[in-house]
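Two complexes are shown next, each including chain A; its partner changes from chain B in the first to chain C in the second.
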Partner chain A sequence: MEKAIKKHAVIFILPTLAAFIIGFIVPFVEGLYLSFCKFTTVGNATWVGLANYRAAITDTSFQRAFGFTVLFAVVSILSINILAFALAVLLTQKLRGTNIFRTVFFMPNLIGGIVLGYIWQILINCVMTIIEQPLLALNATAGYWGLIILMGWQQIGYMMIIYIAGLQNVPDSLIEAAEIDGANRLQTLFKIKIPMVMSSVTICIFLTLTNSFKLFDQNLALTGGDPNHMTDMMALNIYNTFYARSGMQWKGYGQAKAVIFCALVIFISLFQLRATRSREVQQ
Partner chain B sequence: MKNVKRWLALGMAAMMTAGVLAGCGSTSTDTANDSSESTAAETTEAADAAESTEASEGEAATSAGAGSVYYLNFKPEQDEQWQDLAKAYTEETGVPVTVVTAASGNYETTLMSEMGKSGAPTLFQVNGPVGLANWKDYCYDLSGSAIYGELTSEDFALKDGDAVAGIAYVIESYGLICNKTLLEEAGYSIDDIKSFADLKKVAEDITSRSSELGFAAFTSAGMDGSSDWRFKTHLANLPIYFEYKEDGIGSTPAIKGTYLDAYRNIWDLYVNNSTCSGKDLAAKTGDDSRNEFLNKEAVFFQNGSWEYGNLVGDGKFTDDDLAMIPIYIGVGDEANQGLCTGTENYWCVNKDASADDIQATLDFMYWCVTSDKGTTSMSDEMGFVIPFKNAKESPNLFVKQDSAYTAEGKTPVSWNFTTMPSEEWKNGVGSALTAYAADETDANWDAVVSAFVDGWATEYELANQQ
Partner chain C sequence: MNIKKKVGNTILVVILTILSLLWIYPVFMILINSLKKESAISTGSVFKLPTAETFAGLENYINAIESKGFLNSLGYSLFITITSVAAILLFCSMCAWYITRVKGILSKVLYFLFVFSMVVPFQMVMFTLSQTADKLHLNTPWNIWVIYLGFGAGLAVFMFCGFVKSIPLEVEEAALIDGCNPIQTFFKIDMHMLAPTMISVGILEAMWVWNDYLLPTLVLDIKKYKTIPMLIQYFRGSYGRVEMGPMMASIMLTIIPIIIVYLSGQKYIIKGVASGAVKG
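Moving on to the complex of A and B:
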């Protein structure tokens, strides 16, 4: 029987494989090809070699967007994960109504990024008017912190669920043993619980990292890059290169930027996976 | 038994595969059909067709048989009317017409993806010379077409060298829409406003008495994305227009900014005599501004003839309440200045479509602007003024006013913002204007000037580099 399954494995993976090839591999390769071309639509590309990459790398707005994205990613990864973990610890205690709290914290994640962006834009602008500060469209600092708050609000609940699952998997026997050995709660947390949930940490950091780098909707809706592209993140910068410019060559530049961006995200996340994986412990 | 199971499994797997492929089936078969249609042979035919259109002009409406029309419409406001018109055309001639409307603000992205497909739009639009730069490789030369001969003026054709790449199909005007009733309450009439000095006097007088009158001079000059085009594009057209006029040019790689002081004056006037503080403008939307006007909170509202439908109707204004006056900025011959009138809507025909489709499209366009049904729909239902010989008079008040001004011998201000180097340039100016509105210092104005003048040169170079 097993031999038969092996023999027909190809047939069973074919549907998914075909979908994967059509939906992912083909567009990806085509995108890669287009990044070396000048084009208006995908059908009429002319090969220009590395010129697009040269233009993309020397584009100062792209570099600035990269800087802003990194700055955003660092702060948001730290804040989201620390807060999500704290909440998870809190909500795995024997408190009343933990399930309600878990649901409430998870809910923002169900709302779409664009909607959230506009809601928070109104909220933040309102606060800015009250404290008599320049509005979001004129205030890069507010835009930056607005993005951090918005992303935190949206993602903490999601990461919290993953941490809760991790924490619930920590064997009671280990915690009990630690208690018997005289460890206090802080020691139990740092010496037992955190090492035991490292696999959740890996996942959560991976998710927040890639989400931060790929952030687009919220950025577009909350600040739209205002003032003057100071709050452009990389995805928005690529989008603007592609659509807000006239002239055929810009499409190629945008495409090259997108390829660079993709490689960068893959590289950084692989690096992160390797770094956190090595700290995971086997149960 | 074993064999049966094996075959069953194989069958199931095959069905699943087929299911997956069927999902993309419709497009992939389309590709096959269409690409075989538009092979090299067809392209030469298309070229022949270009020559033969002139000959077939007369019987244009009847000669179409095999082709079909796919119109990618730019204006979401008129989607329904276009659908009806397309249906009427199909009933009359049997030629299938598909009208697809791109979501507001997404025309360029929609066009880009649609053009990449097989079965691409046969009729699309560009917004002027700058938009044409992206699409000129797709534009069929309309110089021999019947519709080109119907234009009332050569100026309404968009040219790429000698070729006619686009044909304007709607002419619009913008200016200061004014609430005459409120203006009278304040003790003025529109005849009192004949120059920037008059406008300033009236506006500042209204502001000084605003608590007593209960309204402001201008609606909020919102700089949110839904409204900022009124200032970074439309208002900015005026200094550009006067500069072009003085220098006798129609476009430029580097703007000098001769009349930017006048631009500052009118912007100051808008900001300082508005319904809200300049600090709040950054977040004000187009709807805010319109609602303030509808709620009689302000006398002046800078916008265009396309707003007519939003302002007049049940529970809103009547024609007697409203008027549109030119935007005076204190430059040029103000006594003879008319409304800003022009177009940024040009029809282009996709030259990569099959010869039949091109012919069908040309016939459809011709029918729209010459037949009774077409012109009626375009003027009465869509509210357009179309620059064609058979055009019907539009019921739109602002449009009628524009003709009246022109009849009085006033010169309409042309739409030069189609020559602005890029969207990016507009955004730069918009951003600087917003900052200036929040804090009206000379330093902030210098930033506007820099975005305007230096930004133009940089963006022009970026857009035109090879």
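Moving on to the complex of A and C:
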């Protein structure tokens, strides 16, 4: 059968492959190359070696954006996963209205990042006015917590769905056996349910981790980096390096930052997958 | 014991109800403000309900639709989402079938590259991608789907591969013996069996394309074409004083179709998210 299929390789893989080359492979390779160049376009570039990387690493705004992103990622991964798991446990107790609650909690996920950002900007600015604090444009602390709340509002529902699917796969017989052995609700939760849903935990942490690091739209719309780039995350910092200033050296810095950013995201996600995979229980 | 459990459950339901109300409040807040007169909307008064004096009816909505090019943007967004998702579903399922069925170095390399592309952040390729798109004239709403197919292929191929593995080979072999060529086998047999995965992938990709902001901003000519997220962002960026009324009305007009689609297809959407994650 393989031979028969092989004859039609062009029809089956060419459309995707061609688009993939245009949309990913070529830009990726060119991006890698340009990070070693001073350039305005792909055609107009001169090799400068590691100069861009040196400039990128010593750029204090980039370091600050990195720190801000890490601080954001840690708090948002923890809060989203804990709350999403708690909701999932509650919504698998066969309570009344479970479907309605699930529908409501998931809903914000479908709204795009730009729109979400503005909704929360309006809301948070109003709260700030009432409690007589500076607005988001001048208030980095509010910007930070605003981003955490916004991300939570958007992603808790999504992760909750994944945890619910995981919890529903835990065999009832296991839970019954534990109950017969005299385990109370908390013990079944920690000794049976959590170990059994570790594969969902792996996925959810992976998703929240990469989403937090790659966050852009919400950051742009909610704070735009205000005040004075204090709330820039890495993606926004790279974007600003590319497009906020003219002058040909900036694009090279931006591309070098992008490569560092890309390597960082890949490294962290591989590390995380390895760390949580080892805790999964084989069924 | 039973009564205690019942009381406990009731308390939980009450807590969850309050939490859900808080959860939808931000959307409700935009809705009530979009019905207020422009002069009545200020930073500090967002929580107030409209009164007889400040109630503006649908004025802001009419304003948003008539003057800000909302309908054009809606059209572009719809067209781009439909063409991109259709292309992704058709071509990526074919590609995934091929690389699962034909073992070899090409299949292995492709699979690795597709998975790799899922992790790479968009900033890595944004500049070079927009240049490539310009060079190949893929910078209009009519053909930007090629770019989406390329950048979205990773997730789609990955999910389809996971499912194709579970289709028994015997079914396809039977079709081949009955005289189907591989193309007929794929479209008559596998396409049908892939339908549930198609829905999941379609939903995930549609959510992405519909809400995507940065890719169309960099690829399309913003003066000529604005998708809905671009329009909302443009609204904010280009005016000295933002007109809050029409702005909130535009946000509502963006959210309402999403909520309608969600409520009518939520069974599939939630299933799609869950199965997409399990495959991941």
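Just so it is clear, the second predicted complex is superposed on the first by the 262 of 283 C-alpha atoms of A that agree within 3 Å, B and C clash if a C-alpha of one lies under 4 Å from a C-alpha of the other, contacts with A are read in each partner's own complex, and residues count from 1 in each chain.
The rule we apply is simple: contacts are C-beta pairs under 8 Å (C-beta built on N, C-alpha and C of every residue); 3 or more make two chains touch, one makes a residue touch a chain.
Just so we're clear, the structure is a prediction, and the values are computed from it rather than from any experiment.
By the touch criterion stated above, A:86 is placed in contact with neither chain B nor chain C.
Using the contact criterion defined above for the overlaid structures, shared-chain residue A:101 touches chain C, although it does not reach chain B. Within the superposed three-chain model, A:12 lies in touch with chain B and with chain C [touch as defined at top].
Judged by the touch definition given at the top, the superposed model places A:22 against both chain B and chain C.
Using the contact criterion defined above for the overlaid structures, shared-chain residue A:113 touches chain C, although it does not reach chain B. In the superposed model, A:41 makes contact with both chain B and chain C.
By the document's definition of touching, of the two partners only chain C reaches A:258; chain B does not. Judged by the touch definition given at the top, the superposed model places A:129 against both chain B and chain C. Once the two structures are overlaid, the count of chain A residues touched is higher for C than for its counterpart among chain B and chain C.
Of the two partner chains placed by superposition, chain B and chain C are both touched by A:4. Common to the chain B and chain C interfaces on chain A are residues 4, 8, 11-12, 15, 19, 22, 41-42, 125, 129, 135. Taken together, the chain A residues at the contact with chain C in this complex read 1-2, 4-9, 11-13, 15-17, 19-28, 30-31, 34, 41-42, 90-91, 93, 95-97, 100-115, 118-120, 122-123, 125-126, 129-130, 135, 153, 158, 161-162, 164-165, 200, 203-204, 206-207, 210, 213-214, 216-217, 220-221, 234-235, 238-239, 242, 251, 254-255, 258-259, 261-262, 265-266, 269.
Chain B contributes residues 6, 9-10, 13-14, 16-17, 19-21, 24, 108-109, 112-113, 115-116, 130-131, 133-135, 137-138, 223-225, 279-280, 282-283, 421-424, 427-428, 431-432, 434-435, 438, 462-466 to its touches with chain A in the complex. Within the complex formed with chain B, the chain A residues making contact are 4, 8, 11-12, 14-15, 18-19, 22, 40-44, 121, 125, 129, 132, 134-138, 224, 226-228, 240, 243-249. Every residue of chain C that touches chain A in the complex is listed here, in rising order: 9, 12-13, 16-17, 19-20, 23-24, 26-27, 29-30, 33, 43-47, 87, 91-92, 94-95, 97-99, 101-103, 110, 113-114, 117, 119-129, 131-132, 136, 138, 146-151, 153-154, 157, 169, 172-173, 176, 181-183, 186, 207, 210-214, 228-229, 232-233, 236, 247-248, 251, 254-255, 258-259, 262-263, 266, 269-270, 273-275, 277-278, 280.
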